[in-house]
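Chain lettering (A, B, C and D) follows the sequence in which the chains are written, and residue indices restart at 1 in each chain.
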Amino acid sequence: MTDRDQSHALLRQMLMIRRFEEKCAELYQAEKIRGFLHLYIGEEAVAAGVISALQPDDAVVATYREHGHALALGVDAGRIMAEMYGNVEGVSMGRGGSMHLFDAGKNLYGGNAIVGGGLPLAVGFGLADRMQDRNNVTAVFFGEGAVAEGEFHEAMNLAALWHLPVLFCCENNLYAMGTALDRAQTQTRLTLRAASYEMPAWEVDGMDVEVVAEAAGNAVQSIRGGGGPHFLELRTYRFRAHSMFDPELYRDKSEVEEWKHSDPIAAYRARLEEADLLAPEEWDQMEAEVMVEVRAAVDFAEAGTLEPIEDLKRFVHTEEVVR
Amino acid sequence: MTTDEAKATIFEVLDGIAPEVDAATVEHDVELDEQLDLDSMDFLNWLIGISKATGVDIPQRDASEFLTIDGAAAYVVSHAAA
Amino acid sequence: MSEFVLPSLGADMDDGALVSWLVGPGDAVERGQIVAEVETDKGIIEVECWDDVVVEELLVEAGDTRLAVGTPIARFRSADESGSAAQTTVPDETPQRQGTVEKPAAAQRITPPVRHLAHELGVDVGRVGATGPGGSVTRLDVKREVTATSAPPGNGRVKASPLARRIAADGGLDLALAAASRTDGLLVAADLAGLANAAPGTKPRRGGQPGVDKSQAMRSAIARSMERSKREIPHYYLDMRMDLHRSLSWLEEFNDERSIADRILPAALLLKASALALTEFGDLNGHWVDGVFHHSEIVNLGVAVSLRGGGLVAPAIRDAASLTLSEMMEALTDLVARARAGRLRGSEMAEQTVTVTNLGDRGVDRTFPVIVPPQVAIIGFGRVVDSPFVVDGELEVRPIVHTTLAADHRVTDGHTGGLLLLAIDRLLQEPQQL
Amino acid sequence: MTVIDSRDATVTLTYREAVREAIRDAMLQDDRVFLMGEDVGRYGGCYAVSKGLIDEFGEERIRDTPLSESGFVGAGIGAALGGMRPIVEVMTVNFSLLALDQIVNTAALLLHMSGGQFNVPIVIRMATGAGRQLAAQHSHSLEGWYAHVPGLKVVAPATIEDARWMLSTALADPDPVIMFEHAAMYGMSGEMAVDAGPVDINTARVRRIGEDVTIVTHGGSLWKSLEAADALAGRGISAEVLDLRSLRPLDTDAIIGSVAKTHRLVVVDEGWKTAGLSAEIVALVTEHAMWELDAPVRRVCGIEVPIPYAKHLEEASIPQVEGIVAAVHDVVGS
């Protein structure tokens, strides 16, 4: 068990992601947010845990289910919400939306909506760090569905071959959209895939934020010590639909209910309370603070502005680099 | 070169410049300016054509010799190489 | 009190049918609780509630009826009676998404098939009177226009290149009267330039419409162009006597040393002086199109060339101000020869920015030329006549030429025109500088 | 071999040598520059472009990669984001389709998707074109596909000077540049002024001035077009040859300017006609210079067939001098 402040921070981080995304779902149904909206609810322990093990200069490449990662990196919640509103105040100036959150200040390199597309990119970050003698780590998040992509294998091979400082974080939530892992891949032990590239790999309980944080901490330490790339399979589960418009024909409600018993937030809260690390009023206060933050984010987005149409053609080529 | 040969050449060049002209109706001792519609450009081209066809050099100062067909033929005959 | 509306669960969800209610009036509903099931194109989706509320009334019964997204389906009151309204209420303002698509302005109502017919018949739909419903153009309207414009009977549509069409439109030429030089019968710009040159029947035609009298065609083209000019362009005329003594003396000396083929005619001097002067007065060099003057950076000097057997063309000497005198003479010789042989290039008939006419060669003292639209000026030179002229207070006999300018009063005033003539005169006094 | 003639101050070198010099120069100028691709190191490059560079710069900077086009092109993009200036070589444009995701979905889009935060300064070089009997999977000209994508710049150096000097400009560009080298040109040698220097990568150049017709072309077809123009000059037709150089952005002004002068257009493109680069050029001309046209436009393009192996069939499937000459005659109406 970690110390009180640290555990509170982890719990609070997960709670923030949860409440923020619940608000996103609500706003989506009210048509404030459009496009695809992929919620991370149920998987909060993964982003909160892994990112807690990173340093500020480390880079993160994420998927289209990346609100949690952005929040965990400290990207401003108001600007994330504004992005989903399509406002110019958004992190990507309304050009990206839910799936493409970028923040140069936090080293968040997306927000990549091509499954597997971010993996080679992470290899390149590792290469650049190596060639410029920087002791940074790049954490790349991807789902278990990406393991079937060629780019996964190309990236794993290159990173291992060149011994690059990359942490591969496979968020295994069992379904690639609606296709279960065992219906799509012959080898469902994903760590064996990593092993075939001679890469250290662990299976991690992705519903337990402390376990995740510890595993990530160990891996990052090893990478920074010159251990080359590492692979974490983070076993997790999304409680909600793949995207918003998904009747979930591919899984039983009972399965979802079963997994909800391992709700990373409820479970961690209970554990902390049991260990006298969290008082009920502290939880209440945490909830209240988070709700204030979420409301502030919504207010910020509601007060936002749309970029003028005349600016449509900005950012096709570099005229101004916003940093 | 005989006068007839010279005149034949002179008319041939003229035909290239003013194809509408009927050679038979042109009076040889009357100034061309009075009977034909030739401008300075046509006149210059006519001189250049004659010069090319006969090998006779025609300096500017002698241009006035070419006001009539007879004058032109005489000039060409007297200046043609033997 | 708030209205609970059928939520939008995806950008591609427009409607849904309420399959079942999972709550009823009076039920307390917790935030996140599923309240209904909705059948969508993708399957049945659970609808959740975003606040702690009490169901006041169900507005829609479960059934097969497809409801549009945004339809109120229940009324809730907040759990704490006076609490904040639920979020999923109808927003105050009508949801207006990302601007509306504006319908294109109805410039002219014409259906594609009719437009096609007009195109086939070479009819400018802009001129066609519309008698159809709602002011639309009908097939009959188009056909009527064909008759009205009296296209040569049986000729049908004229096949002409876009450039040829543009030149014809600018110069008021009638394409139907031109003959094509290409084997495929397509009229190109050059066909307009040389069209009066060959007398009818003297040359076998390779294509185009048979039996068209080219000189008649050119006459008609000139007629339209000049008619347009006099109708549309408010001309003003200026005239100036210029002493060519220095120019001609210098030229005589220059020519003396040269063989006849290299000789330079006074016309070349006049053209060069005009071109140079025009570079100083840009408002006289360019085009007037649709009420706006477009200045041209370079001077493409249209040179009026009369054709044997009648008719006139004014092809361009491109960028005339940049040519040396010898080059100018060469260009002039070449242009006149090709104009009279009917071998002008399309570009030479399309690029003129101003015109010079030198009628004086044929014996007139001065000209009052007519501007060629869409140009805005034309310079005319008369005959060079030995005349009394006062030089430094003494009366002398000098070779004098009347130089006339006709210019478009919409673009310039007499003052500018006068300055141009003064500049030409100044340049002609220093022929060695040309 | 490079021969310097001090009298006329030109240098004679091959296209291959010019590209190699460009890479070498870039590596010497900037530590951030490195070359990465399949067999660029020990093997010396599939077309021997990088031969010898590994000895000079070492394995780190002349980096051999596995056969993982998507992987190493993506890694190049990542490295560019991470502060490097990678030159990534993909053997041929056909193979680049394996990396299309990274080029189109990442390199081209990142700047825009991130609201201007992340530009990708990468240069991706690849060989293109037919003419060496390499059959269908090594011979296609797909430049037009890349030219379709906003966010990319696409260049096609066709002369020795451009081969030597476009790269440094491309590397200095903050955005991804795709460079197409027509494989049939690597052995071509030519003269270049000793004092030649950096060139732009966004304009077209008139390679031959003419009056009667404009031939718009790029890459390997430039030389066939110039040869055709020579032949046409003997028949009294003066053809202007415009080398596009940049396929994205297209130098619309240059194309329109030339057509406005000659009033006739022939487009020569080794790529296929349908929905191709040549179609775009013709569309531009009809949009912007319709009233300048004095004859129907003609296109001389790759025949719509996968490039066959047999020599006579291969020759028949791509533009040749005779075809260009015939198209010009057709357009001029002679």
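Methods note: contacts are C-beta pairs under 8 Å (C-beta built on N, C-alpha and C of every residue); 3 or more make two chains touch, one makes a residue touch a chain.
Not measured: the values here are computed from a predicted model.
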Touch-network distance, chain A to chain D, counted in steps: 1
Closest chain to global C-alpha mean, per-chain Cα centroids: D
Rounded Å distance between chain C and chain D, as computed from the means of their C-alpha atoms: 35
Inter-chain centre distance, chain B versus chain C - centres from mean C-alpha coordinates, in Å: 48
Gap in Å, rounded to a whole number, between the CA centres of chain B and chain A: 98
Chain centre separation (chain B, chain D; CA means) in Å: 60
Per-residue overlap in chain D, given as positions that touch at least 2 other chains: none
Multi-partner residues of chain B (each touching 2 or more other chains): none
Sequence positions of chain C contacting 2 or more other chains: none
Chain-chain contacts as defined at top: A-C, A-D, B-C, C-D
Partner chain B, residues of chain C touching it in the complex: 252, 255-256, 258-261, 263, 265-267, 306, 308-309, 332-333, 336-337, 361-362
In the complex, chain C residues that touch chain A: 7-13, 32, 40, 42-45, 48, 50, 69-70, 87-88, 91, 95, 97-99
Chain A-facing residues of chain D, complex: 34, 60, 65-66, 68, 70-84, 86, 101-102, 105-106, 110-119, 150-151, 153, 174-175
Interface residues, chain C side, partner chain D - complex: 161-166, 181-184, 186, 188-190, 345-347, 350
Chain C partner contacts - residues on chain A that touch it in the complex: 22, 25-31, 34-36, 86, 243-247, 249, 309
